[in-house]
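Okay, so chain A shows up in both of these, paired with chain B first and chain C after.
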Partner chain A sequence: MKESLLDIVCCPVDKSELELEDAERDEGEVVDGRLVCTECGEAYPVEDGIPNLLPPDMREEA
Partner chain B sequence: MGILEDKARARLFYKYLSKVYDTINPLVWNEQMRTEALEWFDPQPDDRILDVGAGTGFATEGLLEYVEEVYALDQSVHQMERAFQKFGRRGPVKYVRGDAERLPFAADAFDKTWSSGSIEYWPNPVAALRELRRVTKPGGTVLVVGPDEPHTGVFQRLADAIMLFYGTEEADEMFDAAGFVDVEHHVQQAKPGSPRAITTVARVPDADADVSGVAAATTESEPVDTAAD
Partner chain C sequence: MTGENEVSDPGDADGTDDRDGDDIDDTRSTTRETLAQRRGLDEPVYQPAEDSGLLAEAGREHARGVVVEVGTGSGWVASEVTGAAAVERVVGTDVNPHACRRARQRGVEAVRADLLDPLRNDTVDTLLFNPPYLPTTPETEWDDWQERALSGGDTGRAVIEPFLRDAPRVLAADGRALLLVSSLTGFADVVEHAVDCGFHAETVVEESYPYETLSVLLLEL
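Then we have the complex of A and B:
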């Protein structure tokens, strides 16, 4: 994902803004890291460059 | 309507269905129908567009004939793998894994929102339609392709058992309940005898009118599912 995606993504649960943490970058792309909700603190993983913003109760099995 | 209460069951079912999906999909929704729907959707070059339930990227591919970038949301990374093969991982398609009923996008983030072949898997379609409205700018277009209610054979049994099919009246109810205006339905069919698709084009109200409470007042008979969003 591009870091600019942060402008439009939000927490799927409470719709608050997300902050990027522990980012690993490659040629301008975020390939690994966590998107952390500034309100509820839930951390959403960036997996192989794809942000996984499934709500926590759907994350494991989908 | 066979609305699923249980999302886990929906996902399990989807895993099985995805194996045959590309086989049955062309019967319901082919390139010619996509072209027609794209004309109704009318994407402009500068539009920021979201494709909800983008899956293998069939619609995304059509959208990319109009715009340079498309945001593609899907639950399943297995479905996305095929899109990666078509468009690359870092190309014109911006992938996000997420749930249609709880979209991970800010309000008014998109000029237009598209969803084809996905609504039949949403346990609560009205909740998801409200989310489509929320993330689309006022005045923006939302287009949803779903399966028309089948009347015979295996599709009818599937419909009764597990999937959501709907006619234009139910579609009207759902889009009204979700707060859309200027709602139009087009029934599309690949050829006589094929399963038909309903393509709905609707608009997000211009003003920031609060229409989310409309559903409760308008469901006299056979209420649509309006569980909390």
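Then we have the complex of A and C:
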């Protein structure tokens, strides 16, 4: 993901802003890390460049 | 979806075999067998078909600004729209992790998401959506990613309706949505629901096939 994706996405639960933490970058893209909700504190993983912004109760699927 | 695949890009041109998971049991219903023949049951990601081609055509003409393709699947439509003159940026979302990986391999910025849940208010200029729209009953449903890509519940509108309800929230001023609708889903019912959600609806592409008529609605607030 590009860091500018944060302009478009938010926490799926409470729609608050997300902050990027522990980011690993490769050629300008964030390939690993997590997106943390500034309101509820929920952390959403970024793996292989793809943020998983499913709400926590759906995250276990596949 | 519809019959033979007429889209020039079959979606798996890289020849990779990623039949990685998603157990498929043997209790196949007639519906499932028919769909399996049409779509290829081993592939956990919906492959571009006639509906994809029509949505891409509408997108190239009507998409602009920040574009989010919801349920991007293999990412084919998103990548087709990327080059359009009025388009700034294209993001593809899918609930299916295999689809997200496919889309990213195709060069699409991919996000794993349930419909519009993680999209900020007033940020998207154009939404594109080729939804799961086949009417199904609980007896004919099966639990794998292909089913999630195709089944629209008993009315065919189980996914379309929540999409339409949330779309006004994420769309920027003058935002628009391009929604593929099949006659199997009840064209008039979808239009009525869109109007109830505050949209003005106009058909911008339409094509008839032996089993269904496919339309793309341009929805504006």
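The working rule: the second predicted complex is superposed on the first by the 61 of 62 C-alpha atoms of A that agree within 3 Å, B and C clash if a C-alpha of one lies under 4 Å from a C-alpha of the other, contacts with A are read in each partner's own complex, and residues count from 1 in each chain.
Here, contacts are C-beta pairs under 8 Å (C-beta built on N, C-alpha and C of every residue); 3 or more make two chains touch, one makes a residue touch a chain.
No experiment lies behind these values; they were computed from the predicted model shown.
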Report for A:12: first if it touches chain B alone, second if chain C alone, otherwise both or neither.
-> both
Just chain B (first), just chain C (second), both, or neither: which does A:51 touch?
-> both
After superposition on the shared chain, which partner residues are touched by A:2: those of chain B (first), chain C (second), both, or neither?
-> both
So which positions on chain A get touched by both chain B and chain C?
-> 1-2, 5, 7-12, 15, 48-55, 58, 61-62
Write out the stretch or stretches of chain A touching chain B in their complex.
-> 1-2, 5, 7-13, 15, 17, 29, 44, 47-55, 58, 61-62
Okay, in this complex, where on chain B does chain A touch?
-> 7-8, 11, 48, 71, 75-77, 80, 89-90, 94-99, 102-107, 109-110
Over in the complex, which chain A residues touch chain C? Could you list them?
-> 1-2, 5, 7-12, 15, 48-55, 58, 61-62
Taking the complex as given, what residues does chain C use to touch chain A?
-> 21-22, 66, 68, 91, 95-98, 100-101, 104, 109-114, 117-121, 123-124, 145
